[in-house]
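Each in structure tokens, the structures are laid out below.
The same subunit A turns up in both complexes below, where it pairs with subunit B and then with subunit C.
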Partner chain A sequence: MIKSRKIFWVLSILLILSLTLVGCGGQKEEPAPKEEVKKEAKAPAALKIGFLGDLTGDTAMYGQNTLDGMKMAVEDINAAGGVLGSNFEIVEADHRYDKAEAANIVQKFVNSDKVIAVIGDPTTGITKATAPIINQGSVVQISAGATGPGVVEIGPFIFRNTLLDTVGGPTTMDYLVNELGWKKVALITAVNNDFSVGLSKIFKEGILNNGGEVVIEESVQDGDTDFSGQVSNIKKSGAEVIVFSGYYTEGGLIMKEVRKQGMNEIIMVGGDGLQAPTFWELGGSAVEGSVSYAGFSPEQPTPEVEKFIERFKAKYGKAPDLFHAQGYDAVMLVAEAIKNANSADPKVFKDALAKIQDYPGVSGNTSFDANREPIKSPVYLLQVKDGNWSLLKKVPVKK
Partner chain B sequence: MDFTSNFIVQLINGIALGSTYALIALGYTMVYGIIMLINFAHGEIYMVGAFVGLALVTIFKVHIIIAFLGAMLFCMLMAVSIEIIAYRPLRRSKRLAALISAIGISIILSNLVNLLVGPKPQTFPSIEKILFEIKSFDLIAGAQINTLQILLIIVSAILMIGLQYIVKRTKVGKAMRATSQDYDTAALMGINVNRIISYTFAIGSALAGAGGVLVGIYFGVVKYNMGMLPGMKAFTAAVLGGIGSIPGAMFGGIILGVIEMMTVAIGFSSYRDAIAFGILILVLLIKPTGLFGKQIFKKV
Partner chain C sequence: MTLLNGLLPPYIESIAITVGIYIIMALGLNLITGVTGQLSLGHAAYMSIGAYASAVVSLQLGMPFIFALLAGGIAAGFFGLIIGYPTLRLTGDYLAIATLGFGEIVKSLLFNMPIVGGAMGLAGIPFKSTLTVTLIVVIIVIWMMVRVERSRFGRALLAIREDDIAAECYGINTSLYKVKMFVLGTFIAGIGGALWAHKIMVLQPRDFGFMKSIEILNMVVLGGLGSIPGTVLGAIVLTSIPEVLRFSSDYRMLLYGALLVIMMRFRPNGLLGGVDVTKLVKKSIKSITGSNFADKEKKKVKGGN
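Right after this comes the complex of A and B.
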């Protein structure tokens, strides 16, 4: 009895020690700067562009990549002598995927840094949270990533430069039903995810408009791991393809369950929510052949885009992704609008920006429609091959 | 496929899911039976079990069966330490104090794992590479069952039979039953109740750890917050079966799994959690002692 009590004490001391050790380790790992503002080399009368994004939080990959793309664009512009004789300069900040922090940052951009434009945020949520402040301050905002509804409606200074779900979704469904010839579709929605619910509506309309049929609609929730019931229902329905509007984690797990239940041929088609390495890390061989759409792919580029990719690789040592390309284009669009308007005043060049048609960017051709919404063409259909996305087809958008 | 075959398929899905609930529910019910504490950290122990299994398989490259046993052992030691640090000092205080302590431990564990591994879901290596290939077998009426489901159900069944043996046939089991009937009298009869409580925590947590590894194998993914929802569902299962009753926890878990899966089968998958917790409320309103529970007269 005394012996066992001794063991208990040793164990409890070990546990306490391990807790404190872990605590210390954690503190070292997270320097967590409250707000980091780096200013690049000061040129006289530089035009300041604010970078709004996340560098250390949940969406850090989107933020960091957008910033890298922007930096390259600014270098290119400054190397060519700037715009209207002024150089561009990026003002950086990190909101750590925190809406309140993002609001503070844009207040600072507008009131103390006096930026002419804000590029970001890559997510719809933070873009919508910050856009009213930026619009109020008469500064142009271009989100290089917000795909959800209700963004540019916030005000005349708010823009975005990304492939919208309402453009990519119908184009993908057209290809699915008419080119691949799959008429019987199983549609899965993650019902606690706004993005998925919205995209499912777009997908469904696209399927029906092209003469396809939704033979079964199933719902899942973000964070679920058990999809056996839904997959059994889909198996029974005789669907030829699974269309899923949610994110990569659930997408990978659903496909794993699909293979587990012996459906070995059927593939998943989804939105850009599937585009993360987690999709095939979780799904493994089960997601081979799955398709999603995107606004950019480094494969089969046009000669101009190829130059961009090569220079990007030389600078960063890796191939650019969608966010790099969109971040680059966002800065370039601002420069183009300033040139067209012959003014660096956001109140003036915002109208020139809204008039841009068929701007040949590295992330595709960009036009702004009557509502200032971007139409980007072509849509890139990507397919998982050997555990990575590869280009399946470039589909031009029907305007 | 016709109605019967779909029913059988969904029934099997439900039993497989329910077995995991049952494994967790057993820990809840055993601890409650003996010290009247709802151990809210139990779901987190299941999560830690899954991560220990994952670490053993991927980092230490041990065989899955050794990883399975290793996770059980780790969970045993961890739960015993938790009991000594967080619950034993509060044994004679109000029951609410120990309950709050349990919630605290639950938050500490899930955040600790989040800190160590990160919030990203971690892939559990596919069983095909380590044990056997996933195959489907035909049952009656065109319904199929796959090898993973068979594995999950059989291992759960073996563990539950083992538990029944320990509780009914061994001396420790007898002491457990005695302690749960009357703590003070058991102590007077020469039973070392502290040690018996440690055994109870150890056995319950070993089952939760085993459940964690099985779920990792079955669904192929583990996450720092994976203990939260199954923990709550297992608690529901334990209440449904009658908290404090071991057969009750087993049946409660399986019934809950089957009900959830039938909800999905008839097309209400968004309501599966709502229905599970609706059952909890109904049981508490209509039959608070659950299916197998006995009326407990409060000892003051």
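Right after this comes the complex of A and C.
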């Protein structure tokens, strides 16, 4: 009796598994021809754009916002009659911030879905893990968020549309040392955060190049909550300003500790890692006056950007952020390149994409330099005022 | 070596390679936790040691893949020896906490070692873990595990799991056996890590956190502690289900969680826990053919649940 029940269980599980596998195998093959038949009668098949990002993991906010921006761009393009007579269509897949799953997804995008371009991933790590596969499959990838080094070097099909650390960092440090006049800087790095480690190097170079001085370097870890040791070292060092390259959580907590130890004037200057409401939710009045740079700000928009912001608010009920704007622009850049090349073949339009200069996107003017790296202008310097970011200065970037 | 490569659609091939790597990793942990009953929560640490060691061998020394693979296994096995020797004297919760701590230490070290790129990690590792290579390694590891399970060594391990005092009374040097077993298990984890490095091509310390250890432990528990076919099935199911459920987009992880709960409700000992698969196959062959040629081999291998 027991044996037969066991056999029953094993067999039923195997049966269910095989059914799901067969079901999925069939699913993939069936709808494709149907769609083609339908589309052939009406218009040429839609051009597919793959969304690569995280919708449920640690970086879900970046992924979701990029996707929302992309969806709006696709709506706009299709409403205007598509590109070369074809509509755009988004194929989305969530990778839960898991590199193995992301690698599987891009194989699906490139080989099963036959996308012409992949937009994503917003993080440098996953972009680097997927770019070799996408490049080999001769599909264009535009990462709207990978700011770290070593991305576009992977191959001629790999692009990114984001304010690079190497553009934003030096611009901010120039402003800090030359306009605000602070020469003695305390530099804090979150050593277990790749973004922070990379940005700290750039910050340091920027400070030294502008004649400033790094009087003390301290390290923290993402996830730390006690910064009293580091802060008291900074207090002794006589620094005039704290430069922090990490994320908003630690940034907010560090500033709280700074005020607790009686340094009431000093402010924090950081990268776009500070760009989240958590920064002032945690830091409260301690982070008032803190400065960070960003590639996008809804304040003081140009007329085109203002229109985008209004339409975005009407659609999603909130103001767009950096990732919305970059996701929107990434799709628009693909459309622009296809128009310029007069071809939807990634092998052809990738060259047109590399030649784009001064594209007036909603996340700033975008140009690609000789190495296919994006140069986005202007850089927005933002300051915390009454628990929100307010625009301090728009700094144009020299090409 | 390109026998199977390109036979399947690339998407399926990519998933199959991932499944293969997880099978290897889960079999290593099955030896430690399933067969010998030593709860280890730091398996991803050995995987990361193997991955980084093999990546360094590939990138810095430019050696052929087979050396990178072995280097990964040996490095992980070496750390298994260093860690296993003192910690395996602990039992139960204490061992779990010690291994968990070791996992965190490895992650912190990797974050702070400039030679392996710190938090930025290593990139540009060549793609070498093709389906053929992975499949060959999977088959070798399964074969090894079956041989171990049926040897005197394997039975000693089972005895330790059931009652280590009784095992000691029968003349089994439990500490020595545990350390040997742990080195073998971590060696296999290192091999899996090496394959992982040459599949994903990018390594970052955050990929080998506590959750990765739990994921692998999940496969072993779901498949059935101590059962080799169960562990293989667990790895296949848990790795492919997120892809299979992709059609349900937003509800995917919800369904995944629900499936886990349902499976544990109806199979608390794991999918194949307490099922003797060789017997099962023989029995079904017998019932189909009516002959009894499979009867002569009556090896009872499995312990109880």
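The rule is simple: the second predicted complex is superposed on the first by the 355 of 399 C-alpha atoms of A that agree within 3 Å, B and C clash if a C-alpha of one lies under 4 Å from a C-alpha of the other, contacts with A are read in each partner's own complex, and residues count from 1 in each chain.
What we mean here is this: a residue touches a chain if its C-beta (ideal position, glycine included) is under 8 Å from a C-beta of that chain, and two chains touch if they have at least 3 such contacts.
If you're wondering where the values come from, they're calculated on a predicted model, not measured in any experiment.
Q: Kindly classify A:Glu281 by the partners it touches after superposition: subunit B alone (first), subunit C alone (second), both, or neither?
A: first
Q: Go through the superposed model and pick first if A:Ser367 touches only subunit B, second if only subunit C, both, or neither.
A: Neither subunit B nor subunit C is touched by A:Ser367.
Q: For A:Val220, decide between first (touching subunit B), second (touching subunit C), both and neither.
A: After superposition on chain A, A:Val220 lies in contact with subunit B alone.
Q: Who does A:Gln261 touch here: subunit B (first), subunit C (second), both, or neither?
A: Once the two structures are laid over each other on A, A:Gln261 reaches subunit B alone.
Q: Now for A:Asn233: first (subunit B), second (subunit C), both, or neither, which partner does it touch?
A: First partner only.
Q: Where does A:Asp94 make contact in the superposed view: on subunit B (first), on subunit C (second), on both, or on neither?
A: Second partner only.
Q: Which partner chains sit in contact with A:Val191 here, subunit B, subunit C, both or neither? Use first/second/both/neither.
A: Touch partners of A:Val191: subunit B and subunit C.
Q: Looking at the overlay, does A:Lys128 come into contact with subunit B only (first), subunit C only (second), both, or neither?
A: second
Q: Counting contacts the way the document defines them, which residues of subunit A are shared by the two interfaces, the one with subunit B and the one with subunit C?
A: 191, 221
Q: Flag every residue of subunit A that touches subunit C in the complex, lowest number first.
A: For this pair, the touching residues of subunit A are 3, 6-7, 9-10, 13, 17, 20-21, 24, 27, 55-56, 92-94, 96, 99-101, 103-104, 107-108, 110-112, 125, 128-129, 132, 148, 150, 191-194, 196-198, 221.
Q: Within the complex, which stretch of subunit C touches subunit A?
A: Residues in contact with subunit A: 9-11, 13-15, 18, 21, 108, 111-112, 118-121, 123-124, 127, 196, 199-202, 204-207, 237, 240, 242-244, 246-247, 249-250, 252-253, 266-267, 271-272, 274-275, 280, 283-284.
Q: Residues of subunit B touching subunit A in their complex?
A: Per the stated touch rule, the residues are 1, 6, 9-10, 13-14, 16-17, 77-78, 80-82, 84-85, 108, 112, 115-116, 119-121, 123, 126, 134, 136, 144, 146, 148, 192, 195, 198, 215, 219-221, 223, 225-226, 229, 260-261, 263-265, 267, 269-270, 272-273.
Q: So in the complex, the part of subunit A that touches subunit B is made up of which residues?
A: 1, 4, 8, 11-12, 14-16, 19, 22, 26, 58, 191, 218-221, 223, 225-226, 228-230, 232-233, 235-236, 249, 253, 256, 259-262, 278, 281-282, 284
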